[in-house]
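The block underneath contains the structure these notes are about, expressed in structure tokens.
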């Protein structure tokens, strides 16, 4: 029944999807936290930059961002991110674009997490003489992160699915393989079922595990 | 009351969106008011310069378009009676089978697989898979030189598969949704060559904006016999189209169309193929 | 403007802020200059590549406007089908009956887990094999179907969360005056939940508009993004210029959408003493209002 799978590297394709997801998740978490920090910082220009960044990136399709990375960064500005052949370059460009895009959503989630931290926490920290970065790093962000595990897990699930857009610049992840298979094989429903199942396997546990984590770490107030 | 306001608000959104789409749906076919003559719909490509291209003024140009127009004229349709319709590669057979188009001239190579579903008139052009390189690049002299070079083509195309499987297995291949993206890379030296049918490449290279920037290598890596696809079993139409194609070659219109569409790129076209003469 | 996150600034802090600002501007300027220089040296900013968009209305009439129309058409139909469907499934998940709640939950979770792009590919292929639609209609239908399946399940979650934010007293009061379950939902719960849901719904509309571009990328549905192909082919492959113009159009469109929605939301909020959504008492003066906690979660899903 599943002999149409022969000759296709299904696991390999999904492995690329997983790698894209993991690297981009790390990248977007770091960049998104920095953006959130900027957004509440005392320097008006940084606040403005973070707001502008989030508003611009959120309103442009991911496909356009990825094409910009490939055509603009790589083909025009010759940034190959330290890789030498197209497979690596495209993979890294995809990670970069996915991180840049997802960071906007991480930033928004974190900012709403910061909002849930009671004012007294920050006031007490200031009374102790902590600086802005200390308050953010030691008091606010740890509490904020705990309250946004759930939104962040939704962002992560969306990221997993968004990796399919990387096919636009020729990254051979799951949807790239699926398109090729649909064109060559006559087993539409089975092929779709296999790929749908693959994504469910990736996303459902993420949601369940992080949902459990979010309950565990939630700050009781 | 809140309920009413919400309804009013959503009605406003609805109205707004409707106006936006309503403006969209006014058809262009009602230009038919005058003639009253019969109409014909022909399938072409709209994004391949030299072959079939929709120009900014809403008209269509290219070799396929010229051939289609000539054939339609021989079949008794004025240029004004022709409706050109984009047929994407994956939709060509079904569009013919269902009668959405009368015939298709869209860089449509004759092959056995397609012959099972549709009939072909022609061929009317013999093209070959070739590569386009920067005009000042002389490092690629034979197809073997392509190994270790950076190639670009359209995702899922047969040209891309050929490179992978036969021509230059060691070449790096960048795949995009369209040829224009490849051309940007070629222009900026991020890729070394763009590969597909020489007719399409010649079309790109002869554009005003690209003149002098690119050249064709002239490798004849495959044979692509462009035919006119039509409904299977319609022998009458096939004969008429074949007659029209023969006449187009004999009265010089064929040569004129080739020169006009591919000429400036230094493209050496094959002689006009004989009807039914498929080069394997 | 001060925030609780930092003290009112003294002279030293102000000097430091000025320093940071200057460094930031310098850094940004360096990046901008480097991009500008790179683009110029590769002739991407040559006037000939950009001229068509500014000196003639033809590219707008022939390529961009028809593309935008298709984008709006697909997004609009996807929205008006997905909204009621989503409401239905969202309410279904809150049903007292297990045989309604269960299947509704499974459907919602299933379609939320699959990438829209794959849903579109499947829909297109299914229409291709099992219907007689002509190619143009088929692509439109496939794009709308993919968008509806995914967004209806997201909207279902938004509706569910919105209703759950309402105090249980609302339901109790409705029961007390003898309303049936359906009446309670339609006349008491849903109208109040709408204000709370609005921000999340709007960010979902933006998602729908952006996701139409997937139809262009994988199915060559002739929407705004796909209009680049014939356009760039005409102007000597000026892809960077084309994509920039397209990005600006998306920005303007989505910005208009969000602005309209926040105006609408404010009107709705002012019009009633809100129970559905709470205005957050954020720590900083410059921090914006937030929604009820459980709803916010879904608002952020819109990626």
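A, B and C are the chain letters, set down in written order, and residue numbers restart from 1 in every chain.
We adopt the following convention: a contact is a pair of C-beta atoms (placed from the backbone, for glycine too) under 8 Å apart; a residue touches a chain by one contact, two chains touch by 3 or more.
Since the model is a prediction, treat every value here as computed from it, not as a measurement.
Peer 1: Graph of touching chains, which shape: line, ring, star, complete, other?
Peer 2: Complete.
Peer 1: If you tally contacting C-beta pairs, which comes out ahead, A-B or B-C? Let me know.
Peer 2: B-C
Peer 1: By C-alpha centroid distance to the whole-protein centroid, which chain wins?
Peer 2: Of all chains shown, the one whose C-alpha centroid lies nearest the global centroid is C.
Peer 1: Approximately how many whole Å separate the CA-defined centres of chain A and chain C?
Peer 2: Comparing mean C-alpha positions, chain C is 16 Å from chain A.
Peer 1: Can you work out the whole-Å distance between the CA centroids of chain B and chain C?
Peer 2: That gives a centre separation of 35 Å.
Peer 1: For chain A and chain B, what's the span in angstrom between their mean Cα positions?
Peer 2: The computed centroid separation for chain A versus chain B comes out at 38 Å.
Peer 1: Quick check: what residues of chain A touch more than one other chain, meaning two or more?
Peer 2: Chain A, residues with two or more chain partners: 67, 71, 76, 78, 167-168, 179.
Peer 1: Two or more other chains touching the same residue: where does that happen in chain C?
Peer 2: 42, 44, 217, 239-240
Peer 1: Send over the residues of chain B in touch with two or more other chains.
Peer 2: Those would be 177, 181, 184, 188.
Peer 1: Which part of chain A faces chain C closely enough to touch in the complex?
Peer 2: Touching chain C from chain A are residues 40, 42-47, 49, 55-56, 58-64, 67-68, 71-72, 76-78, 102, 105, 108-109, 111-112, 114-119, 121-123, 126, 131-132, 135-136, 140, 150-151, 154-155, 157-159, 161-162, 164-165, 167-168, 175, 178-179, 182, 188, 192, 195-196, 199-200, 203-204.
Peer 1: What part of chain B is in contact with chain A in the complex they form?
Peer 2: Contacts found on chain B: 90, 150, 155-156, 172-177, 181, 184-185, 188, 190-191.
Peer 1: Which of the residues in chain C come into contact with chain B in the complex?
Peer 2: 42-44, 48-49, 52, 56, 58-59, 61-63, 66, 69-70, 72-73, 76, 79-80, 128, 132, 134-135, 187, 191-192, 194, 217, 220, 222, 228-230, 232-240, 264, 267-268, 271-272
Peer 1: Okay, in this complex, where on chain C does chain A touch?
Peer 2: Within the complex, chain C contacts chain A at residues 3-7, 9, 13, 17, 20-21, 24-25, 28, 34-35, 38-39, 42, 44, 109-110, 112-118, 121-122, 125-126, 129, 206, 210-211, 213-214, 216-218, 225, 239-240, 243, 246-247, 250-251, 254-255, 258, 280-284, 286-287, 290, 293, 296-298, 300-303.
Peer 1: Spell out the residues on chain B that touch chain C in their complex, using ranges where they run on.
Peer 2: Against chain C, chain B makes touches at 1-3, 5-6, 9, 14, 17-18, 20-21, 23-24, 46-49, 53-58, 86-88, 91, 94-95, 98, 100, 177-181, 183-184, 187-188, 204, 207-210.
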